[in-house]
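The next part holds the structures, each set out as C-alpha cells.
In the two assemblies presented below, chain A is common to both, partnered first by chain B and then by chain C.
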Partner chain A sequence: MRLSTLVCNLKSQSLVSVLVVLLIATGLGAFGTTYSVYHIMSSNPMSDVQHDTRYVTIDDWSPDKDLQWTPPLLSYQDGTALLQFLGASKGALTYDSKLVAQHPNSSYVYELTTRATTPDFFSIFHTQFKYGAPWSFEEDVNRTAVVVLSSHANKVLFDSSDSVGQLVYLDGKVYTVVGVLTEFEMTPKVYDLHVDPYAATEDLYIPFHTAIEHDVLPHGRLLGWRDEPMSGFRDVLTTSMIWLQLWVQFDSKQDMEAFNTALAGYTEQQSLKGRMLRGHKQFELLSSAQWLERNQVVNGDSKLLLMLAIVFLVICLVCVSALLFASYATRRRALSVYRALGASKRYVSSMLFAELTLLALGGCVLGMLLTALGLSYMEKLYGSSYQQVASLDLTPIVIAAVCCLFGVILASVLPISQCCHSKSIYIRR
Partner chain B sequence: MNIKTMMKFIHYRKLPFAMMAFIIALAVMVLVNALAVLLKTHQDIEQTPYLGANTVALWVKYLEDGVDHSAQAQADRDALLSLPDVDVVSFATPTPYGGGGPEMTLERGNGQDEITVSVFYADEYFLPALDIELVAGRNFNASEVVPATAEDALQPTLVIINQTLASKLFGDDSPLGKTIQNAAQSYTVIGVLDPLVGANFKAQRGKFTLVLPQQKLGKWTSMLVHTNNPQSIQSLSQKLADVIYAQPVKRLLTRNEPLLAQRSLGLQKEMALGAILKAVIMAFLLVVFAAVWGVVKFNFVARKKSMGIARALGLSANRQMAMVTLEFSLVCLAGVLIGTLLSVFFANWLNEAFAIARVSNWLMLLIGITMLVLVNLVVQFHLAQTQKSSLADIIYH
Partner chain C sequence: MQSIIKVNALSKYYDVGSIRTQVFKSLSFCVNEGEFVSIVGPSGAGKTTLLNTIGLLERFQSGSLALAGHDVSKLSDTKLSAMRNRYLGFIFQDFNLLPELDVLSNVMLPLEIAGVKTQDAKDRALYQLQRMGLQGRVHHKPYLLSGGQQQRVAIARALVCEPKMILADEPTGNLNSQMAFEIMQLLQEINRQGTTILMVTHDENLSNLASRKISLSDGKIVEVQPQELASCG
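Right after this comes the complex of A and B.
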C-alpha cells in the first residue's frame, strides 16, 4: 500500500475528500475552541496541593439574610486572630489593592495592581523568584516597607534589570525591592475569585501589616451587615466588615486537625461574645476545588457553548459518515476489482482506513489552525479579562483533536465494514 | 407523477432522507437566528458615530492633595497648547466612548413623561475638538461657560442637544429657543448637533445626549486634545504624556489614547461576535452542502439500476428528472418547515433575553428558498451525471 496510491484514490474523489477534510476541520475548530476555553476555565491550578491547602471561611453574617450565602471573606479581627493559631503551618492573609508606582528618577507614574499579603503567599501558590526572595514574617510584623515586583512591574519600572535593593515610590512612600518574580500566571486566579477570577496576577506584592500601616485601601469587596460607624480605613479594622482572605497550608493531617480544633474554639468563644448568630456550622476549611465550586467559576455560557460545539461536531461526523457511504458506493466496482485480483477484505479495509486517516490528519491540522483563530476571536468577544482563558494551551487542543480523530474512526466503521463485507463481487462485463 | 410512488421511494430510503431533513431543519434554525443576531450587531456598529478622528482623550488624576486642581488643569491645558501639533484642548466630562458618564432625567409633557439622557459638561472648544458641525443654532461662547471656580449655586442655563433628542422632544419643530427641564433646572436650547452619543454608547440612553457649558475640574480631569496633523496622532499620545508628566504636581494619566481607538475597543465585542457568527453561518452552509451531497450521491448510486429500468420501460428523461427533483424538494421543504418552527421558538427566547428583533419573514423565506435551490442544484448535477451513462451501462452496472 503506497502513499501515492492512497493519494491517487483520494484525488479520484476529490470533491468528497475536500468536503470530508473541511467537515472535520470545522467540527474540530468549533469543538477545540470551546473545549479549550472550558478546560482553562474549569481547571484547578492548585489541584496538586489541594489535599493540604485550605481556604478559611467564618460565618458571622446576619441571621436575617439569605442562609444559603456563606460570607466568603474574613474581618481584620478574625483574620489576624487566626494567624496566631497556625503554629508551624503556613498562612497567607491577603487582600488586593492598587498603588501608584514611580521610579525615583522618573516623573512617569503607573497605577499597578497590588496584593497585600503575609509572606507565606509565595510558597503556598508556588511563585518562582527571578531575583531576590520574599520578606520574612518578622519583617511583615515590623511593618518593613519592602515590595516584590512581578516581571511586568520590573520591566515597566526598572527595564527588567535586577532591581533588588532599589527604591521605588508607592503612593508617595519609599519601598525597597526585595524580590522579582518570574512569569507568574494562575488561571483561574484561585487565591482571589471575587472581583475577576480570570484577571492577571498582581504587579506588586507588599507585606500585609505594612499595607495596613500605610492605609493601603482594599480594591475588592468590603462587606458588612452591622450598623457600625466608620469614618476612615482605620475604623474598618475594628468593625466586623469582611474584606480579607486567608489561605492555610498544613504539613500534616495532625496540623490540620489542630488548626480545626483551634478554629472551633475561637468561633465558640466569639459566639459567647454575641457573634456567629446564624446558629449553623460557623466555619469551613475548603479545598481549592471546593472553593472553585462554591464560586461557580465556570459560567453557564461556556458550558452551553461546549455542549453546542459537541453537537455540531457530532453532526459533522454524521455528514462525514454519509459522504463515506456515498463515496464507497461509487467506488464499489473499483474495490471489487481489488478483491477479484486477490486482495483480502482486511487489505481493502486497511486501505480505506489509511485513506481516511490521511483525510482525518489533514482535517485535524486545519482544525487546529481554526481553533487558534477561534480563540483569538473568543478573547475579543469576552474582553481583556479573558486573555488568560482564551490563550493557546496545547493540552486541550490536542485532547480535542484526539477526540475528533476517534469520532472520525467511529463514523467510518459502518461505511467501511458495509463496503468490505458485501458477499458478492460486483464485476460485470 | 404518482405521489404514492414518490412517498414509497422516500420511505424506502428513509434514513438518509431523514438525516438530510434533520440537518436542513437545524441549519435553517441556526441560520435564521444567527442572521438576526448578526443584523443587530451590524446595526450597533453602524449606529455608533465615527467621532474624533483627530482627537486624543486624556484622563488625568492629580495625586497630591491640597493643591488647586482647577488651576493645575488650566496650566496643563496651556502646556498642551504649546505643542506645535495641538490646536484645540477642551475640558470635557466625560469623553466620548469612555463608558459611564453622568445622566439627567428630563421631564416632558408637564412631568407626565420622563426621558433619561447622557450629559457632557464641556467648554466652548468641545465641538471643535471633535470636529463636529452644528446642524442648527450656535455653539457656546466663552462667557456662557460656567467656570470650575464658580460657586455651586451657579448653573448653566443653555444647552446643545443632539438630533435624536431633538426629534424625541420636539418632533419636526425647531428646538432652538425652546426650553427643556429636569426637576431642578430649565435649559434653553441654542444648538442642535448630529452625530453624538453618550460616553456609554452601548446603552439605549446613550443615544440621547446633551451638552452643558460647564467646566468640571477637580482631582479627576478629562480633556480632549485635537491635532492639526492627523498623521501624527499615534505619536501624539507619547508627546502629551511627556508634557503632562513634566508638570510639577504629581499626577497619573489613566487614559491617553485616540478616540477612535477607544471606539474600536468598545465595539470589539460586537466585531468579534460578527466574525464568529459569519463563521457559524458558513460552517452550517458547508454542513448542509456536505449532507445533501452525500445523501443525493448515495441515493443515486443505490437506485441507478431502477432508474435505468424505468427509462428502458419508456419513462422520459424529463419526467424522471421532475420526479427525482420533486422527491428531494419534498424532503427539503419538510426540513425547512421544521427548521422555521424551531427558529420561531428560539427567536422568541433571543428577543426576551437579549432584545434581539426577530428576522423578517422575507429573510426566512429567502433562507428556505436558498436551501431548496442548493438541494436542487446538487440533484440536477447528479442527474446530469447519471444521464451521461448509456442505458446498458445503467442496467448492467
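Right after this comes the complex of A and C.
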C-alpha cells in the first residue's frame, strides 16, 4: 500500500485523525511528564557501581520507646573513630556547608555550596577530573588548605581555565586549587539525602579535617537529644550531636565482614560507656538502594501522580478506541470497495493499522513535545531544586512513548477486528 | 468453449433471528469465456446477491461455484480476495469511486492491492484512462466528473488488472439514456476484445444487448435465452 493512499484516507477523516492525534499526544504528555519525574526520582545512580558501597548508621538515639526513628547521621566522635576501622576499604566521611569564595584578583564574591569530605569520596561516587586530582589522605589529615572545584565553580572563579595551582579565598582563608571536576550530577543525590535529595551537587570540595580545623559549619541538619551544653562549633565535636555521613566501599566480602566485626566491637564498647541505650540493632550497613528506600526518596505523592497519569492515558486510549469504532462505521462502504477490488481482510486490517500507526507516531511526536513542555513547566513551578528531577531524560520519555504506542495498538485491535469481520462491509450496490 | 463461471445447485439464505430468508435456491448455469450474459429480474429477485456471490464477496450455503476452473467453495478469505483481484473486475451502479482519491489513484487501487510497483501501476492505469478518453482528468477528484465519466473511471478500474471477467451491477442505473447507451457500447467493445461480462439489470432493453439473458424471479431461474447456449463447456 502506498503512503499517499494512507494519507488521503486519513485526510478524508481529518477531524477524527486530528482528535486521535490530540488524544494520544495529551495522554502521552501527561504520562511522559510524570513518568520522567518518577523515573529520575526512583533511579539509583549507584546501582551500576561494581563494589559494595554501604552507608553506616549507629543508633545512639533516645531510648524513648515511642520513637521508632533510626538516626541517619553520625556524631563527630563516632565518624572519626570509624575511619580507623577502614583498613583497605575506602571511606568518605562528609558533611555539607556553604562558603563565600573570591578570586584573589577580583572584588566579586560568590556564596558556593561546599562539601567537606575525605578524599575517597571522589572515587566512591565516580567523579571525573577535568584538571588535577583529589587531595591525598595525608593532606587531609594534615589539614592542608586545598580545594577541588566543580566545573561551575571553575567557570565562575577562573573562567573555565585550568586553575590547578591557583589560589582562592574561601571564607577569607587561602586555599590552593588541586583539581577541577567535569560535569558531575547525581539525581537523587544518594550521598546526602537529608535536606534535599534532588539538590544539585556541590560547587566546592574541601578536606574534611581542614574544614573542621577552619570551623566550617555544617549547613545541613545538626541533631541531638541529650542535654549537652554547647557554646560553639568546637563543642559540637565533643557532643553526641549527629551531623556527618559515612560511606564505605568494600573490595571484597571479607573486607565488609571485617568492618562489620570492628563496628560491632565499637558499639559494644560504647554501650559499656552508657551509650546505645535502645538495645536493639545498634548499627547498620545499608546499601544505596536500602538507603534510598529508608529515606522514602520516592514519596507517596509521586506514586499517586504516576497512577493518575496512567489512568488518564488509559482514558485517552479508550477515547481513541471509541473514535475508531465511529470512524470505521462511517468508512465501511469505502472499505467494502477495497474488498471488492481484491483486498483481503488481512490487507484491510493492515491498512487500518498502518493509518493508525501514522496517527500514533504523530501523536507520540506531539506528546514528546508536550512532555518537554511539562517538564520545563514543573521546573519553573518548583524552582531550582527540581531542576535535576525535571531534566529532559530521553530514556523515560521513549519508554513512555513505546508504552503509549503499545496502548494505541491494543486500543485499535477491537475496532479494526470488528470492522474487518463485519458482514456489513459488503457492497449492496 | 470453456466455461469461466460454473454455478451448480447454488443456494443462499439469510437468517435474521429465527426468520430464514431464502435469496436463491438450487441455481445452476454456466457462463462461457467471452460471453456477455445479463441477469434480469424484478427487484428482490436475488440478482445482486447472486452477482456478489459469484464475485466472491458473499458466501453461499450449499451447491458449488467454480471460477476459471477453480472450485471456490472452501477457499480462505485471502485466496478468495486474490482471485477477486486477479480474475474479476467490478462495475457498480453507484460507481463506488473513493472520493478522497483522485481519478488516477482510484484506477491504480486494484494494482496497489495486488502489490504492483507504483510506476508500473501508474503506467497501466494511465493506459486504461486513455482508453476511456479520460487522459485529461487523471488528477481530478471523482466528484468533479459527470456520471458517465465516473462510470468510465470505474470501468478503467475494473479493467486495470486485465481480469477474465467483468461483473456489472446495474452499470447504467444512475445514468441518463445517452450516457447509458455510451456505457453499454463500451461494455460491448470490451466484450468483443475477449473479456467475459456478467451484467445484472432490470432494464429489458439493455439486457437484450447481451448475447444471453438469464431471467431470475424469487431466487429461481425462470428463463434462459437463447436456450441453446445454456450448456456448460
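The working rule: the second predicted complex is superposed on the first by the 421 of 429 C-alpha atoms of A that agree within 3 Å, B and C clash if a C-alpha of one lies under 4 Å from a C-alpha of the other, contacts with A are read in each partner's own complex, and residues count from 1 in each chain.
By our rule, contacts are C-beta pairs under 8 Å (C-beta built on N, C-alpha and C of every residue); 3 or more make two chains touch, one makes a residue touch a chain.
These numbers come from a predicted model, not from an experiment.
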Which of chain B and chain C A:Arg2 touches, first, second, both or neither: second
Which of chain B and chain C A:Val413 touches, first, second, both or neither: neither
Chain B or chain C, by number of chain A residues touched: B
Contacts of A:Ala133 with chain B and chain C, given as first, second, both or neither: neither
First, second, both or neither for A:Met307, with chain B first and chain C second: neither
First, second, both or neither for A:Leu277, with chain B first and chain C second: neither
Touching partner for A:Ser344 - first (chain B), second (chain C), both, neither: second
Contacts of A:Val398 with chain B and chain C, given as first, second, both or neither: neither
Chain B/chain C common contact set on chain A: 333, 428-429
Touching residues (chain side chain A, partner chain C) in the complex: 1-2, 4-5, 8-9, 11-12, 333-334, 337-347, 426-429
Residue ranges of chain A touching chain B (in the complex, touch as defined): 15-16, 19, 22-23, 26, 30, 100, 102, 107-111, 172, 312, 315-316, 318-320, 322-323, 325-327, 329-330, 332-333, 374, 377-378, 380-383, 428-429
Residues of chain C defined as touching chain A within the complex: 48, 52, 55, 57-58, 77-78, 80-82, 84-86, 88, 90, 92-94, 96, 98-101, 105, 109-110, 112-114, 118, 157, 161, 169-170, 173
Residue numbers on chain B that touch chain A, as the complex places them: 16, 19, 23, 26, 63, 241, 245-246, 250-252, 254, 268-269, 271-273, 275-276, 279, 283, 286-287, 289-291, 293-295, 297-298, 301-302, 396-397
